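Chains here go by letter, A, B and C, matching the order in which they are written, and residues are numbered from 1 within each.
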Amino acid sequence: ESCGHIEISPPVVRLGDPVLASCTISPNCSKLDQQAKILWRLQDEPIQPGDRQHHLPDGTQESLITLPHLNYTQAFLFCLVPWEDSVQLLDQAELHAGYPPASPSNLSCLMHLTTNSLVCQWEPGPETHLPTSFILKSFRSRADCQYQGDTIPDCVAKKRQNNCSIPRKNLLLYQYMAIWVQAENMLGSSESPKLCLDPMDVVKLEPPMLQALDIGPDVVSHQPGCLWLSWKPWKPSEYMEQECELRYQPQLKGANWTLVFHLPSSKDQFELCGLHQAPVYTLQMRCIRSSLPGFWSPWSPGLQLRPT
Amino acid sequence: ESCGHIEISPPVVRLGDPVLASCTISPNCSKLDQQAKILWRLQDEPIQPGDRQHHLPDGTQESLITLPHLNYTQAFLFCLVPWEDSVQLLDQAELHAGYPPASPSNLSCLMHLTTNSLVCQWEPGPETHLPTSFILKSFRSRADCQYQGDTIPDCVAKKRQNNCSIPRKNLLLYQYMAIWVQAENMLGSSESPKLCLDPMDVVKLEPPMLQALDIGPDVVSHQPGCLWLSWKPWKPSEYMEQECELRYQPQLKGANWTLVFHLPSSKDQFELCGLHQAPVYTLQMRCIRSSLPGFWSPWSPGLQLRPT
Amino acid sequence: PSLPLPRSFLLKSLEQVRKIQASGSVLLEQLCATYKLCHPEELVLLGHSLGIPKASLSGCSSQALQQTQCLSQLHSGLCLYQGLLQALSGISPALAPTLDLLQLDVANFATTIWQQMENLGVAPTVQPTQSAMPAFTSAFQRRAGGVLAISYLQGFLETARLALHHLA
């Protein structure tokens, strides 16, 4: 006894596009008189009649309506009939409207040595108003990423998250992989441009551990304006050959940084002299993978030291 | 080719009790000469010979050793043979020692209206040094908990946690249940005394929302030393009839609280006068389920107000 | 005479050797701390009876360094140790993550070597098949086998490191 059934096509449209709906009352619906006038209501808008109402060969009553421009991203369409001095709802359908996804942009990836995962992020593009899935796709390749090797399992981003983390077991370190993002919703799909990278060339490097060295009084060369340092690389990156930079600055308003280049990634004892401009100096260090591709680490937290 | 196998009995003992171990070398162990002297090592202690070594009828070599007092809560026992100028390990067994669990004590439960779960906690008693499981057991009952109704699914506490949360779907509110904790490890088990409670009689009540009422200038009766309040019960407990208390105190060193008893759980407008001792007064409220068992909520956070 | 090896291959390989050696020593430290298995030399007999293999790097020795043979032995040795590490899975929940990472790093290094052999045109048509792995029948055998296999791997990598420096 189907006393009212709505069909809409298509269920999802571009915002502003038309929607065609039909509401049918089957003849065996005993409660309604067969000449009932089928009415429609979109959301909370006023009730309106259908464009056309007619009987189908099997006696079914059908009302057709075209909503010229669906301007709700989500809305309910009701099929009703008049009832005493009110109306009765027969069925309800959910309409969705939005946009197909634009191509995701600014795809970038970093290899996290602490979690051993490759984390990629992107910009999703304008709001689509529709549930849209973002999937990070990749396959193994060679240097120029033309060669298509084994496909790597998809990395499906969580809802409303524009990043995804490829676990270590899906990564072939020291080999190139092609990687891109695919966005998809009910109105279409799109892809970002492809990246071609070796995960180990995009390591997120942390700064070295910089420490003051307390030199015994005997060793101190009594030369004023000196201080002694030691540093060692960030533990998870110890196996990577790195080159580092030191910068120091007197604690004075508007003072400039002085840089020391091409330092090794670990040093037990390093003397820095000529520090006469202020009682306290701030020192920082950063490192980068040497002779192989990599990114600079951020500067280490400032170390305040008093020269002799 | 089993070139060495340790058997210990029992694998878990009370701390300080003896342990008997045997190490056997089967005749088909080609790599070892059959007269090899079987040796033993406990953890990092010096190597020692067995108490007795003999051949079994099937040619197996067996060495027996009794460790008079096992004083490690966890230790490795090694069976070795001399080899060139060193030794070779044949097998390793893990020994555990500790105590059977004491009866858990101070079992108490609170019904959390926000998570709709009955959270019980207890004191586990002295350290047993052994993996010990704590399980909250309960069954449905009547007022005096003598009657044994349906058993409620066990609530297994997470490791090293002395509390457990019985989910709403396992609770029959407004009915009594008997509830206790069972502790168990390899050396025995014990039970706490039983509690008999209706979850709704042990609700963890939160204080009401106390607010200053800004009375329009016309209404103000221009009587000095007055202020106006309104309060409403904590939202999740709104359906519970509650009785409340108000306390107020002038912001003076060592001032006492003055209490107002038997107040309703919600009030749109309440006038408090006679506040002449200080420019600012601190007010707090608390409530309790009225005419049915319950606990007092904590006092609400202090509200600082200026009487007229 | 064999074709010279690209500098990036040698640098990446040396980095992979150091990476594997680093996690190998972490695992050995954990096996020692957790199970008091601190001396591989006390496990040689057990190694024989379990059939734990030692991979040869004769073509990489400084006296008779033969590039193609060295690369080929390096690759098959890495495959052997990857198989061994795989056979050790289930060693213990605490060590499983480090063991999994070590095994993946060894497998990835084997791919780096194989890739380079293909680039040089010296890669056999078919990858070497995995030889039979020892069956560990007790927790002790798995732990002791782990200590032995990883200490053999560390020695293998040390020889590889020297050879790669020679080839650089």
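Methods note: a contact is a pair of C-beta atoms (placed from the backbone, for glycine too) under 8 Å apart; a residue touches a chain by one contact, two chains touch by 3 or more.
According to UniProt, the chain labels map to these proteins: C = Granulocyte colony-stimulating factor.
Owing to the predicted nature of the structure, the values given are computational and were not obtained by experimental measurement.
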Category of the chain touch graph - line, ring, star, complete, other: line
Rotational angle, Cα trace of chain A fitted to chain B, multiple of 5°: 180
Distance from chain C to chain B - Cα centre to Cα centre, in angstrom: 46
Centroid spacing, where centroids are CA-atom means, of chain A and chain C in whole angstrom: 38
Inter-chain centre distance, chain A versus chain B - centres from mean C-alpha coordinates, in Å: 40
Shared-contact residues (touching 2 or more other chains) in chain A: none
Contact set on chain A toward chain C in their complex: 116, 168-169, 171-175, 200, 238-241, 291-292
Chain C-facing residues of chain B, complex: 1, 3, 29, 31-32, 43-44, 76, 78, 80-81, 83, 86-93
Contact set on chain C toward chain B in their complex: 35-37, 41-46, 48-49, 138, 140, 143-144
Contacting residues of chain C [partner chain A, same complex]: 7-8, 11-12, 14-16, 18-19, 21-22, 100-101, 104-105, 108-109, 111-112, 115
